[in-house]
Amino acid sequence: MSDYRLMRPQRDVGVSGYGSYIPMYRLPGAEIARVWSGGGRGPVKEKAVAGLDEDTVTIAIEAARNAVARAEIEPGELRAIWLGTESPPYAVKPSSTIVAEALGAAPYLLAADFEFACKAGTEAVQAAIGLVGSGMGDYALAIGADTAQGRPGDDLEYTAASGGSAFVIGPAENAVATLIASLSYATDTPDFWRRGYQPYPSHSGRFTGEPAYFHHTLAAASALMEELDMAAADFDYAVFHQPNVKFPMRAAGRLGFTPEQVRDGLLSNEIGNTYAGASLTGLSAILDRAEPGAIILLVSFGSGAGSDAFAWRVTERIESRRDKAPKVSDYIERRTEIDYASYARYRGKLQGS
Amino acid sequence: MRDVAIIGIGQTSVDEHWGTGIRHLMLDAGLSALQDANVDTIDAVYVGNMLSGEIAGQSHLGALAVDFMGLEGVEAYKVEAACASGAAALRTGYIAVASGMMDLVLALGVEKMTDTSGRETTAALAAAADAEYEVSQGISFVALNALLMRRYMHEYGWKREDFANFAVTAHANGANNPNAMFQRPITAEAYARAPVIASPIGLLDASPVCDGAAAVILAPVEYARTLSPAPVKILASAVGMAPLAVHDRKDPLALEAAITSSQKAYKQAGLTPQDLDFFELHDAFTIMATLSLEAAGFAERGKGVQMALDGEITLQGRVPIATMGGLKARGHPVGATGIYQIVESVLQLRGLAGPNQIPGARLGMVQNIGGSGATIITHILEAMGS
Amino acid sequence: MDPKVVNDWRLRGQRYRLEGEVCDHCGESIFPPRDICPECKEPAKTPHTLSGRGEVYTFSTIYSAPEGFEAYTPYTVALIKLEEGPIVTAQLTDVAPTDVAIGMPVEMVTRRLRTHGDEGTIVYGYKFRPLHLGQAAD
C-alpha cells in the first residue's frame, strides 16, 4: 500500500514540553469488590480518584503548567489550547478557555474542547501537529484529561479513573521528542456511549474487545509500522490505550512487542483508566526516563471508535527538560487510599448531597 | 463642641425572638429609652444594624423605625459598620449633639438574625470580611477569628483550655442579667468539651446568633441633669481603623484599630487604663477578648490570657469585663451589640446593675469591634451622679 | 443570572494565577492588586504574577461552613505568607487537617472553589497544597 495513509506535517515538529497530573486519592479494586461482590479483586490494583475540588479543568491546568514549564516557552506563545475529554465540567462552555486563562496564555489563541471518548487527547495532538506543522503557529497545547465515571457496580467502575497529560507541540528545533509520522483510523463502531443527561456511560460488553479496542488499535499500529517500514523491534518503547492491564498487553503481544517495551508506559494497574489521559500519560511516563535517540510508538483508542498512532524519536533536549516539572512517578507515589464511602462522596454518587 | 450625656436607655431581652420582627424589636427598645429619658419628642434617630438587607430583605431601617415609633417627621437613617454598627450609630448621634445641630438623639441598635438558616446567617455575617479575597475562599467569620487564635497560641505558647475563663466569666455574669440570652453558668470542663466549629474555636469560644434591640437617648450635658436623675457623660468617642482583610494587616495579632481607638479615647478623656472601673469589651470570641485587653493597655502582648487565668476579669477583679454577660452570654445581635454594651455600662454607672454591680463604679470603657478588627469604636463613660 | 458571575469573571487573573502588582518605586509585591503601594503609598499598577510558593502562617479547619461551601466540610483555610511577601487567605487542599502545621511550605494550585448551585457557574481559584512534589526551582 502506498503511504497516502501516513500523516506528515510540512515542517518537522515534535513535543516541546510534556506534563501530567494524577489526583492523590486511590481506590483499591479490592474495596470496590468488597462492596459489590462481597470480596475478591478488580482488573487493576487501584485507580486514581479526583478530590472534591478537582475536575477535568483543574487536572488539565496542572498538567498544562508542567508541560509549559518543560517547553521553556511563555504561555503567550501558544496559538492553540485543545482539551480532549469526555468529562467536561460544563455541557456548554469551553473548558479550554479556563485552562488558557489559568496559564496566562489568553487571548490570542484557538481554544476548544475535543470529544472522542478515550482518544480525544491524541486527536488534539494530531490537530496541534497540523497547526504547528503547517506553520500557522509555533506552539500548540494538546491535553487529554478526564474524571471518568463508571456506573456503581458496573465493570467499568473498577477502572474509570481521573488524570491527564498535556503536550506542547512545537517546532523540531525545540523538541524533546520529534515526530516521525502519525496515522489515524476511525469507523462508526458503537462499543461505548453516553446519551445526554445520563450520568453514566453504557457499553456493549464483550463487543468492546475484538471489534472495537483490538481492531482499531492493531489496524492503526500495523498500518503506521508498515508505512514506516518498521518492526516492533525497531521501537524502544510502545504505549497503548490502557482501559485495564490485559488489553494493552495483549495488543502489544499481537504486534510483536515484548513486555519490557510496554512496561514503562503501562500505568493502569496503579492509576486505572484515565480515558483521554490514559495513553498520553503512558507517553509522559516514558519521556520521564527515555534516553536520547529512543523511538516510541504511541497508539490511542477511543470508543465510537478510532485510534491514532504516532512514532516519536527522543532528542538530547529531554535531559535538561525532564526535571523542570514533577514526573508521573511523583504523582503515582503521592497516594492516599480511600474507602468506597469517601469515593462515593468525592465523585458525587451520594443522592441529596 | 458641647459635652454629651446619655439620659435614657432601653433594651429588649436578647433571645431567639421567633414572634417578633425587626420593626417591633426597634419599637420596644426605642420606646423604652424614650420613656426612661422621660421625653416624647426627638430630633433624630440613628439605627445601627448590619444584616437587615440580607436577612429580612429590609433596608431603609431609619424610615421604618420612626414610622412605627410614631416619630412623625423625625429624620432617621441606618448606620452600618458590621458588628460595630451599634457604636457607629451612637457616635453619629454623639457628633450630632456635640456639634449643636441636634439636641435630643435616639441611637438605636437592632439585629434580627434567626429568621434564616445557620448557613445563611454564617454567609451573611461573613460579608463583614473582604468578599473578594476572604469570603470567596470559603472563610467564615468564626474561621477568621480561629486563624488569629491559632497564630496567637503558636506565638505565645498558650493552649486552648487557657482561654476558658473568658467564657466562664461571661456566663457567670450573664446568669444575673434578666435580658441575657444565656442566664446560666458554665464550667471550664464544659468549655473544653464543646464541639469545634472552626479549629481551634469551639462552640463556647463563640458568641451566639440571636435577636435584640437596644437604645439610648443623647442630650447635651448642660440640659442632661434637668432631664435625667442619673445622666452618664460621654467622656470620649473614638474610632480606629485597620485594613479590611486580616491578611492585609502588618501585624494581625496587634488589633491595630483597637490600639489607636483606645489611645485616642484615653487622650480625649484625660485618663489611663488604670483609672477605669470596668471595660465592656467585644468578646465575640475568646481571642477577641484577649487581643482587646492587650490593645487597650491592660496586658502586655501575649499576656491577655493570663488575666483570665488569674481571675482579673471577674466582677471582683482588676479589670471587670462582660459585666452583664458580654457578647458571649448576653448575646451578640451584631448591629445591636454596641448599644447593649452602652446600656449595660449606664446601668453600672447608675448603680443599677443588681447582683453584678461593681461597687462605686464611676468610669467605664466600652469597645465595639467591626469585622475581624477593621473598625473599632471606643467610648468612655462617666457617672455624673444624681 | 447569579450576580457573582461578573464579579468572578473580573477576578479571574487573581483567582486563576495569582496576578498581583509590583511597585515600581519601592519594589514591593502587592496581592491582591490595589493600585497604590501599601508600603510607600505611590501608584503601583505594574502587573506581576506571584510564584505561588509560600508557607502556612496560620490555619483553621472549618466544620460549620457558610452557604455554598457545605459540600466541602471539613476543609482547612489558612493565611499563606507568599515568598514575595504578601499574605493571602486561601484553602489548603490535598492534605488532612491533622497534617497541617504553621510554617509548612506550600504551593499554589488552581482548584474548584465552589459552584453557584447546580445551574450556575463553577468558580475556580487558588488553593495551596503541601510542597512535596519535588518541583525544580525556576
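Every chain is named by a letter (A, B and C) in the order it is written, and numbering of its residues begins at 1.
Here is the rule we go by: a residue touches a chain if its C-beta (ideal position, glycine included) is under 8 Å from a C-beta of that chain, and two chains touch if they have at least 3 such contacts.
This structure is a prediction, so every number in the text was calculated from the model and none was measured.
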item	value
Contact graph of the chains (line, ring, star, complete, other)	line
Per-chain Cα centre nearest the global Cα centre, belonging to chain	C
Chain pair bearing the highest count of C-beta contacts	B-C
Distance between the centres, which are taken as Cα means, of chain C and chain B, whole angstrom	32
Cα-centroid distance, chain A relative to chain C, in whole angstrom	30
Whole-Å gap separating chain A and chain B, where each centre is the average of the chain's CA atoms	59
Residues of chain A engaged with two or more neighbouring chains	none
Interface hub residues of chain C, defined as touching at least two other chains	72, 91, 113
Residue ranges of chain C in contact with chain A within the complex	12-13, 16-17, 19, 49, 71-72, 91, 93-94, 109-113, 122, 124, 127, 132-136, 138
Chain A residues touching chain C - in the complex, by the definition given at the top	24, 51-55, 57-58, 61-62, 69, 89-90, 98, 101-104, 323-326, 330-331, 334, 353
Contacting residues of chain B [partner chain C, same complex]	117-120, 122-123, 126, 130, 132-140, 142-143, 146-148, 150-151, 154, 195-201, 245-248, 252
Residues on chain C engaged by chain B in the complex (per definition of touch)	7, 11, 14-15, 32, 38, 57-70, 72, 75, 77-79, 86-91, 97, 102, 113-114, 123, 125
